[in-house]
Structure formats: C-alpha cells, structure tokens
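Structures follow.
Look for subunit A in each of the two complexes below; its partner is subunit B in the first and subunit C in the second.
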Partner chain A sequence: MNKHTTDRLAKIWLWMSAVVIILILLAVLGYIFIKGVGALSVSFLLDMPQNNWREGGIFPAILGSLIVVVVALSFAAPVGVGTAIYLTEFRKDDWFSRVIRTASDALNAVPSIVFGLFGLALFVFYLKDYTGGPSLLSAGLTLGFMVLPTIIRTSEVAMRGVPYAEKMESYGMGASKLQTIRNIVLPGSVPGIATGIILSIGRAVGETAPIIFMVALNPTIPSSLFGSGNTLTTQLYYLAMEGISLKVAFGTALTLVLIILLLNHITRVFKKRLSRNLRRNC
Partner chain B sequence: MDQKNKILVKDLNLWYGDKQALKDNNLNIKENRVTALIGPSGCGKSTFIRCLNRMNDLIDGVKITGEVLLDNKNIYDKDIDPVALRKRVGMVFQRPNPFPMSIFDNVAYGPRIHGIKDKTELRRIVEESLVGAALWGEVSDRLNTNALDLSGGQQQRLCIARTLAVKPEVVLFDEPCSALDPIATGKIEDLMQDLKKKYTIVIVTHNMQQAARVSDYTGFFLLGRLLEFAKTRDIFENPKKKETEDYITGRFG
Partner chain C sequence: MGRFEPEKMVGRVLMLFSITAVVVLLLIMLFIFNAGLPLFTKVGVLDFLFGTRWVPSKDVYGAFQFIVAAFMVTFGALLIAVPLGLSCAIFLSEIAPRWAKNIVRPAIELLAGIPSIIYGVFALVIIVNAAHITFNLATGETILAASIILSIMVLPIIISISQDAIEAVPRLYREGSYAMGATDWQTIHRVLLPAASQGIVAGVILGMGRAIGETMAVVLVIGNVEKFPTGFLVPGETLTSAILLEMGEAVVNSLHYRALFCLGIVPFVFVLVLSVLSSRLISRNHERFE
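What follows is the complex of A and B.
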C-alpha cells in the first residue's frame, strides 16, 4: 500500500470511530425517548404512584432523589471546598498534601457498589441509631462520600487558577489569610467550584449502586430524613427487575436522562463563564 | 537639612533555601524622601524591598537574619504581626494587578478589610486615595465600572490608590513602571514627588534615569550586596566604587 492509501484508510477508520459514538448516543437516547415519552407528562412527574406503580406518577422518587442530593452536598460541598482551601492556601506541596490528594484520587477510583456496601455497614448498621438505618439520610451521606473527590479536585484546580499576584496584592495591603481567601480566592474560583458541585449533583442523581441497599421501592412521600424513601434510580431498578411496569420504568429513565442532560448543560455554561473569567489574566 | 530615619536596616541577610540572596546589608531610609534601589537583574533589590514589609514571609524556604527597624522597632521581632505591619508599609508591585471588581471596590478593599464599613467614610477614602494617585479626574464618573477596563498606566495608578487607601507610612514600589509606556511612566514619576510629602518612599528600578529623576537617595546593589549608598546626585555624579560607575555609565547591566 502506498502512503496515500494508508492515509485514506486511517482517516476512514478514525471517522468511523467518531461516528460510532454519535450512533451509540442516539441509539440510547432515542430508545429511552421512544419508550419513555408515552409515560411522560406533568402529572407523571407530580402525582403519587397508584396501583403499585402501574398508574399515577413518580413524585416520591423525584422528591427522594432531590433529598439524597441535598444531603450528599450538605456534607460534600463544605468538606470538599474546605479541603481544597487547605491544600491550596495552607499547605505547601509536601508529603501531607500528597497523602490527601492520593487519598482523594483513591476514593474516586472505588467502585460505587463498594461505597454502597461501606455505607450499608457504617450508616445502616453501625450508626443505625443516628441515621434511622436504611434511610434517605444514609443514602445521601454515602453519595456524599462518593462525590467528595470530584468537589475537592475541581475546587482545588479553580483556586489554583486565582492569580498569585492578586493574592500578594491582598496580603500587601495588610489582609490576613482568611480575608484574602474570602475576598480574593473564593470569588475568583466560584465558577470552578460551582462546576464541581453541579457535576457532583449529576453523579449523585444518577448513581444506583451506592444506595441500592438503603432505598427500595416506596410509594409514599418520605416522612423524614431518617425514614425510608426511594429515588429515581432505585425505583427504575426495582420496577424493571421485578417486572412491575416497564412503561413507568422507561418514563423514569427518561426523566432521569433529561435531568442529567440539563445538569450537563448548566455545567457547560459555567465552564464557559469560568474561561471568560480566566481571560482577564492575559 | 537632615531628615529623620524612618527605616534602619542592620546586617540583613537572606537565604532562599541554601542560596544566599542578600549579604550583610545596612541602609538608612529617610522619612519623606524617595530612596531608589538600582542594580542589574537578579542583584537582590526586589528581594530586599520585600524584606521591608515581610512579604518574603509568604515564600517557602526563606530565612532572614539581621534587623529592620521601623521607627526604631525591629519588624522581625516576635511580637510584630506581619499583617499589621503591611498596613503601615504598603507595596505597589511590578505589574498592575487590579482585582476583578469595580474601581471603587478595588480602592475600598484595604479600608474594608481593616474594618471600615461606613459608606460615606469609604466614599471619602476612595476619593482621597484616587486624588492622591492622580487618577480621580479620569475615573470619577465611572467608579462602578470594572477596573480591568482601565489602561495599563491607569491600572497602576489605581494600584497606588489602593495602597494609599490603607493609609500607610511607607510605600514600597517594586519596579512600578516596568510594564508601562513612557507617558504613563512620567505620570507616576510626577506622582512620587507629591507622595513623598506624606509618605516615605522606596522604589526599586532598573531604569537609572528614573532613579536619577525621582529619588533623593540611591543605593546600588550588586550580587546581593548594597555596594554603595548616597545622595542620588553623589551616586550619579561622583560614584565611589568602580562597579557603580560602570553600571550607571552603562558599561554593564
């Protein structure tokens, strides 16, 4: 084969690889859309399930997903942002900061079902008296553990993007460390932190495995954080596995996909804003 | 007439790790005078100026020995808070770095972190500082616009205003004009003559003409040592050391 031919073959192969991605995405989304769109309606989102999910809506699952995400972020956002501040502003690049980063990366690599098992052992059994056992609180905290590395990493990157010179100017005017963090570092890294938080919301909404042991099917409005409930993902799992209603399962799947697409879109908007902010350094 | 000493530097040494950057430096800085520090790149003049408000504390691995007396009190004493010190000894950096906020908020930054909340008081300080930095006339009608929209020269004067707003006693200028065009440079040099009536000024520059134009005293640094220090006119017209003469006549640098 001459150079020209190999060149063209390579190009065709690369083009086809790229097209496959689009096809897979279209196939998945298209399938979910076609199967789920019949179920989707305003009342599907806002009504209670009837007749063992065969009729009515999925409101408890939407509410449950919202609750576990709020719990997860109430834990992960302050701890994650705090860790990032500590790493960027209080710690040189020494052994301890490397330990923290390695721990965070390792945590990110833990399979989600292992988080689930750990959450089961810690929150459901060991801390049962405080979490109510298999509750929305236990599920939310487990998800919080899982998204922590994402928040740490994105916040740290955002904070390192704040120009060193701006911090020096602030110190030069007699600002303390905390004042500099509050007035210069945090405002400068808000878009990045927000991006990390939205990514985490998307991940927490979409995960099933970590919370499969804590939230099952529950057709009622959750009574409290310590009570049981279900989320979009776990409901989807049980509706399909138990063969209760594939139609509602697909409706749930479509709702979930739409929420995550929306979150991805918001993330992109924030990223754009972030890069616009960074332009000021040039 | 001899002025009072504002800052007395005694046997100042500084190391970055094991590399010694400043060696046995002694220097008097007179109150309400402009003291210029000149010397080739890497001679330690910027490092030296950052010792005067302890900005070097923020850099890892810096070790300092000797004394820097501000009004006869060593700023390296244990009971000195570097944060409080930097309120008294302000600094204008090499490149203008306005914060990404409005002109007003930039100037109000210092007073706010030092606890001033009253709006009229802040407004007064902002105006006074911008007037002091010869910028008020150009920006008084757009204080709420983003400071990053100003030109480079205006940004540097904004940074001067921001430093003045904290009401320091000493203002350190670390090559303040190296990123500016000649017209903007001229404005800042004129400004220094006004500023020295109220403040003690130390300026690092590698522009010798600038040192000659603006300063009352000049120190020549070479390889971490203050080689020669005298009245500016003496240094330029009658340098004692051969290295100083070589440098100011442009034979090296």
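What follows is the complex of A and C.
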C-alpha cells in the first residue's frame, strides 16, 4: 500500500475514534433523558416518597445529597486550599512538598469502596459516639476525605498560575507574605479554586460506594447531621438493584445527570474566565 | 519571649492542614489492615488468595474467583479502551482542527464527570440486553458486560494522560520527521508514539487502577454469581462487588467482616503500587524532553 493511502486510512480511523466517543456520550445521556423525563416534575423533586417509592417524589434523597456535599466541602475546601497555599507560598519544591503530593496522588487513586470500608470502620464503629454511627455526618466526612486531593491539586495549579511579577511587585511595595497571599495570590487564583470546588461537588454528589454502608434506606427527612438519611445515588442503587420502581429510578438518575450537567456548565464558564485572565496578564 | 509573628503562626497552621492528606492515607491503611488482617490468624494467606470456595456460613474464605474476575473485567476494559482512547488522544493532539477539539474535549470531560451509578443503570439495560441478544445467552449479565461499561469509564483518563504525553514531545521531533518526507501517520507511529510511550503507559496504568477499584457499575451488570469465571460470557463476582453485596449481612469483627476487609486490601495495595508507578513514568516522560 502506498504511504499516502495508509496515511489517509489512518486519519479516517482517528476521526472515527472521536466520533465513537461522542456517540457513546450521547447514547448514555440520551438514554437516561428519554427514560427519566416522564417522571420529572416539580412535585417529584419536592414531595415525599409514597408507597415504598412507587409513587410520590424523592425529596429526602435530594436533601440528603445536599447535606453530605456541604459537610464534605466544609472539610475539604479549607484544608485543601490551605495545603495549596502552604505548598506554593511557604515551601520550596522540597522533600516535604513531594511527600504531600505523593500522598495526595495515592489518596486520589484509592478505590471508592475502600473509602467505604474505611468510613465504616472509623466513623460508623470507632467514632460512633461522636458521629452518630451511620449518619449523614459520617457519609459527608468520608466524601470529604475522598475529594481532598482534587481540591489540593486544582488550587495548587491555580496558585502557581499567579504571575511571579505581581507577587514581586507586592513584596517590592513592602507588603508582608500574608498581605501578598490575601491581596494577590488568593484573588488571582479564585477561578481555579472555584473550578476545583465545583469538580469536587460533582464527585461528592455522584459517589455511591463510599457511603453505601452509612445510609439508611428509609425515606424520611433527616432529623440532624447525626441522624440517618439517604442520597440520590444510594437511593438509585437501591431502586435499580431491587427493581422496585424503574420509573422513579430513572427519574432519580435524570435528576443526578442534570445536576452534573449544571456543575459542568459552571466549570466551563469559570475556565473561560480563567483563560481570559491569563491572556490579560500576558 | 519573642515578638508575635503572625506569619509564622499562619505557616504552622497551614502546615498542619497540609499533612492531613498524609494522615488520612495512613489512617486508611491502619483501619483497613486492622480490621482485615486478623483474618489470617484463622485462615491461611494462601488459602485466602488461591482458594476457590467462599462459604461465609462455614467460615471458608477463598477469594481466588473474585480476584480472577476482577482482573478479567479490568483486562477486558483495557482491551477496548486502550486502542480507542489512544486513537482519540492522537486525534486531539495531532489531527483535530480547532472546532473538533472544542466538541471532543468537553465531551470527554463530561464523560469523566458522569457518576458510576449512572453508567451502571445505563449498562444494566442497554449493554446487558445487547450481550444477551448478540451472543444468545441465558443472561446478558456477564463479565463481558462489565468490561464494556468499564471501558467507557476509563476512556477519559487514558485519553487525557496520553494526550499530555504526546503533546509533550518537542516540535523538533515532528519537524525532523516531516523533513525526511514522512507522512503524518508515519510521524505519529514511528516518532511520536515511541517518544511518548512512557506517558502512554502511565495513562493505561491509571486506567487499570480505576477499573479494578470500580464497584457500582460492575455490581449492576456482572450477575454476581460466585463461581470461577470460565470465560467472558459467563456471570461472575469481583472483589469490589462481593464487598458491597455482603457487608450488610456481616457481623462486626466476625471472620466474615474481616474477610470482606481483606477483599478490599487486594485492590487497595494494587492501586497504590500502580499510582506510584504511573507518577514515576509521567515525571520521567517530562524530564526526557527538558
């Protein structure tokens, strides 16, 4: 075969691979949308389930998902951003930063079910007097551990993107390190940090395995952080696995997908703003 | 007494924050090992790793069929995802015009953001039925179905890491190749792919780690039959799906409970090794071109 014919065939294959990936995405989203759109309504989102989920809405699961995400981010966001500030502003690229970065990468790779086992052993059994055992607090903290590496990584990248010259100007005018962090580094990295936080919200809201041992499946409004509840993902698993109500299952799935699409859209907006900032700085 | 120095104090507080990641990782090891390892006072390590009978009611815990099934779904997923993902990575870094990149990149990000349970629900109906009809099986809930859905889930990570690796190859390599009259494809497969090979392998390794640790999508489609998997067209049960399904009935600190933690230790240790390996490869790939 002529080398130009081979070249053309190879390019057709490469284009096809991209098309296949787009088609896969459309198939997954389209399928969930078509099956779920019939169930979706305002009352589906805001009503209590009736008759063992066969009727009514999914309000407790929505509330539960919201609570675990808030708990997870209240832990992971300050700790993650703090870590990033420390690594970029207080440390050179030394052994300490390498240890933290390696641990963070390893944490990121830990399988989600292992987080589930860990949360079960630590929060549900070992610390049960403080967490209420299988509670929304336990679930939220487990998810917080899980998203910590994402926040560290994205915030660190964002802070390293703040132009060196701006920092030097700040020091040159006699500003202290803390003033420089507050007035230059943090404002300059807000879009990046926000992107990391939204990515983490998406991960926390979509995870099932880490919290499956910590939720109750009874559809009640959670009484407090120490009380039990369920989330969109755990409810979806239960409904799909037990085959209780496929209509409600697909309604729940579509709700989850719409949340992910919304979060994805927001990160896109932030990224655009980020690249505009960078261009302005050049 | 020294002067009050807010900078030092803030530095110390932030240092405490930054060791959290290390502490959490150590805590995970401590709690998982502490709950799991006492199993081996009653059950031999080799009996656990290579035994094929798993009967909690008789305290017999052989996990070999779960381990084999986990590696089969992982291998099957990579068999599909590596060619497809690598092609897409080459496409994005070498061939794609800007408009195509603007469609494919966000699509891959979205693919990475879709929760695993959603993939599971999709596969539960579509892929399982497709396998059922195509291969004329009694049930479509097979190792093959799990491999297919996992391959979709690991595509984004393989694409993004290999794309980075290919883009890191200096322009000089490409120009040298074109100057000798090579076509785009010859340049790609004789120059760029070999030069970026370490980064590509790192991407495959990370994809492997994700596949072996994945639970929710697998448990919904694999059939969960606790038998030694004799091929891709039979049902099976993996390490992760066994943990998920049995933890509810295990009594705390019973042998069963400990055995389930040991099922978790296997992918945990495996994934940690893969993670260290891949970050080595990625940094070596970058050092080469600096």
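Criterion: the second predicted complex is superposed on the first by the 281 of 282 C-alpha atoms of A that agree within 3 Å, B and C clash if a C-alpha of one lies under 4 Å from a C-alpha of the other, contacts with A are read in each partner's own complex, and residues count from 1 in each chain.
In this text, contacts are C-beta pairs under 8 Å (C-beta built on N, C-alpha and C of every residue); 3 or more make two chains touch, one makes a residue touch a chain.
No experiment lies behind these values; they were computed from the predicted model shown.
> Quick one: classify A:Leu148 as touching subunit B (first), subunit C (second), both or neither.
The second partner, subunit C, only.
> Looking at the overlay, what does A:Ile193 touch: subunit B (first), subunit C (second), both, or neither?
After superposition on chain A, A:Ile193 lies in contact with neither partner.
> Between subunit B and subunit C, which one contacts more residues of subunit A in the superposed model?
C
> Would you check which partner chain A:Ser176 touches, where first means subunit B only, second means subunit C only, and both and neither mean what they say?
A:Ser176: touches subunit B and subunit C.
> Considering only the touch criterion stated at the top, classify A:Lys92 as touching first (subunit B), second (subunit C), both, or neither.
After superposing on A, A:Lys92 lies in contact with subunit B but is clear of subunit C.
> Could you list which residues of subunit A make contact with subunit B in one structure and with subunit C in the other?
176
> In the complex, go through subunit B and note every residue touching subunit A.
For this pair, the touching residues of subunit B are 53, 55, 58, 60, 83-87, 90-91, 93, 95, 97, 99-100, 109-110, 113-114, 148, 159, 162-163, 166.
> Along subunit A, where are the residues that touch subunit C in the complex?
3-4, 6-7, 10-11, 13-18, 20-22, 24-25, 27-29, 31-32, 78-79, 82-83, 85-87, 90, 99-100, 102-118, 120-122, 125-126, 145, 148-149, 152, 176-178, 199, 202, 205-209, 212-213, 233, 236-237, 240-241, 249-250, 253, 256-257, 260-261, 263-264, 268
> How about subunit A: which of its residues touch subunit B in the complex?
Of all residues in subunit A, those touching subunit B are 92, 163, 165-166, 168-176, 179, 183-184, 187-188, 277, 280.
> Can you name the residues of subunit C that touch subunit A in the complex?
Against subunit A, subunit C makes touches at 6-7, 10-11, 13-15, 17-22, 24-25, 27-28, 31-32, 34-35, 84, 87-88, 90-92, 95-96, 100, 103-104, 106-111, 113-122, 124-126, 152, 155, 159, 183-186, 188-189, 206, 209, 212-216, 219-220, 240, 243-244, 247-248, 252, 260-261, 264, 267-268, 271-272, 274-276, 279.
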